[in-house]
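Each of the next two complexes has subunit A plus one other chain: subunit B in the first, subunit C in the second.
Showing the complex of A and B:
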């Protein structure tokens, strides 16, 4: 799986949390600290492994747990149209 | 026929007829301005009984904003408007005040975001020289708060408030667009003292908010239109910069107006009915 920010989103980090506006304007999403970290990583296309590795280096978390959370994050934001996901790169 | 209005320091020119003349005169009269250059312009081509077919027949779908050849078209049931230039809408409408208000909202949002300003879902109240914003979605208690406003509080409106940064700080103004209060807005403006995010409660409690919580709530109470990524980024920036510059509170308020004692100027005591 490879993914990247949807280039049509607008976003801004405020006090450590990213606020992301989808292209349609409605349903602004606020990300927590880890979500903001991931969001800032994926300004260019990344693989799931890339992101998990960075999360484990930055936060005290086991790789399996990081992967699980990262997949959930990608599914959630992807479902909201905030990410461009390439499943064929699994 | 052309008319000029001033809203939040922005000059609006309206060309064309609105059928609900009495209502227009009542609601927009306080905002009338002298003829001259305008920041915003609406050209109205009224069609009696107009209904936007694309909307009525469901063809506009979930995306009533269409960008074609660099030009935005807005589809609503009561109008079809094209953004023919910066701050300039040309619209076929049913000629009602509601349609004019809708067009004005779009123009204000377009112009305000460029100026790092916002169109807030908020009641505006002037206390002394300063403006208090009571922000919240429909049903939060804005109109009720206005109905119970004491004599020392001048109501600017119960629906929308223009917020704009100036060299001397944030300012706020009333608009002609009003909600269930159903009486004309007040064009007065002044330094924005605070934004209170109002909610119904059984007690009156005012709690200060940090910048992030203020931004989160501001985003929820700001009028957004989907004119693309760059415009959304401007709106987000305006929310963030406003959140950093204004004192903001969560306001739990009883519906009887007794919360007004929290805002009373020092030389007033008691709460009017």
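Showing the complex of A and C:
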């Protein structure tokens, strides 16, 4: 799985939290500290392995747990139209 | 471990975070003051000064992005008189702003409609002044403008662009507001009515003659959809007054999470409040936003600092604008006389649950309003 920010989104980070406006401008999604860290990583396309590696280097978390949470997070953002996801990519 | 907040809660938190941290979340950027129309109610003063170049605008956009600005509204004059508007919007979208544009739409062709859609401009605010060419073109002083504006709205909607119809209510069109409401709905636009007509930014008060008569304004407030939207706001303000939060609050977001940049690159408190913090041709946005004593003066004001308004029984009905107070009464802390009049009318409508009788309106016309006790010298423009 590889993914990247949907380039049609707009966003800023305020006091450590990213606020992301979906394409079309309706509503705002707020990301927590880890979510913001991931969001800022994926300005260019990343693999799940890339992101998990960065999370484990930055936060105290086991790789399996990081991967599990990251997949759920990516699916959530993808469902909101905030990411472009390529499931088949290596 | 990783969470997304709900959109509704997030918007509120974003605004309160920006206000607390003094981040200019929303900026109204006047990229030109040239205009293809000559509307009777326009508060702007035209000049022949050298407007910002594309390079200057690109630099300012980068500075705004760094400062945390997310919502960017491009305005004029008429933005589409600039041949480089598309390049400005492209740059803004590259910097991941939420971009909207305020326009009369007369100059829009198919090419513009296509790129507005392609670039993800979230909203185009189109000014409409009447439900017919006779009423609208009398305001713009340009025959044919109504037809051109409506054609553009249709084209924008067909291109999938979200259009908001911005309708300032004045003596010439307020009686037709239901027709305007119908027109907006037929065209698939959200209408926004503004009953406030501001005086010229050079303090010339001639535009006050365009303001609606009391009975027409009361009829507008009495419309079932209008009265409900105002009732909700007034109830919210009643509650804030009861807890004391209203007096502790700031009159508006100006200089807290919002500012205006004019066509010469000057950072202003608001388009309606010409207090200037500094020039972006001389200093960076962050320096001006952070260090300007002029902007800090606006930032310090709380509702409880307004010596007449804080004691006023109309305060929870009032939509006072600091710009109007400053330009019309000559004092940032004064009442805005026209807001006093509208507040008295709104209270009468809400008390009655509809249109007040003629005797009530006549009584309001005779009663001295709080704003009439305010100082009336002209302000010194900073």
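Simple rule for what comes next: the second predicted complex is superposed on the first by the 89 of 90 C-alpha atoms of A that agree within 3 Å, B and C clash if a C-alpha of one lies under 4 Å from a C-alpha of the other, contacts with A are read in each partner's own complex, and residues count from 1 in each chain.
Throughout what follows, a contact is a pair of C-beta atoms (placed from the backbone, for glycine too) under 8 Å apart; a residue touches a chain by one contact, two chains touch by 3 or more.
Just so it is clear, the model here is predicted, and its values are computed rather than measured.
Residue contacts after overlaying the shared chain place A:65 against subunit C, while subunit B stays out of touching range. Once the two complexes are overlaid on the shared chain, A:77 sits against subunit C while remaining clear of subunit B.
Counting the residues of subunit A that each partner touches, subunit B and subunit C differ, and the larger count belongs to C. Of the two partner chains placed around the shared chain by superposition, subunit C is the only one that A:34 touches, whereas subunit B remains out of contact. Contacts of A:14 after superposition: both subunit B and subunit C are touched. Contacts of A:25 after superposition on the shared chain: both subunit B and subunit C are touched.
Subunit A residues in contact with subunit B (one complex) as well as with subunit C (other complex) are 8-12, 14-15, 17, 19, 21, 23-25, 28, 30. Taken in their complex, subunit A has these residues touching subunit C: 8-15, 17, 19, 21, 23-25, 27-32, 34-35, 38, 61, 65-66, 69-70, 72-73, 76-77, 80. Of all residues in subunit A, those touching subunit B in their complex are 7-12, 14-17, 19, 21, 23-26, 28, 30. Within the complex, the subunit C residues that touch subunit A are 1-5, 7-11, 13-14, 17-18, 21, 23, 25, 65, 68-70, 96-98, 100, 120, 122-123, 162.
Note for the complex: subunit B touches subunit A at residues 63, 210-212, 215-216, 219-220, 224-230, 232-233, 235-237, 239-240, 243.
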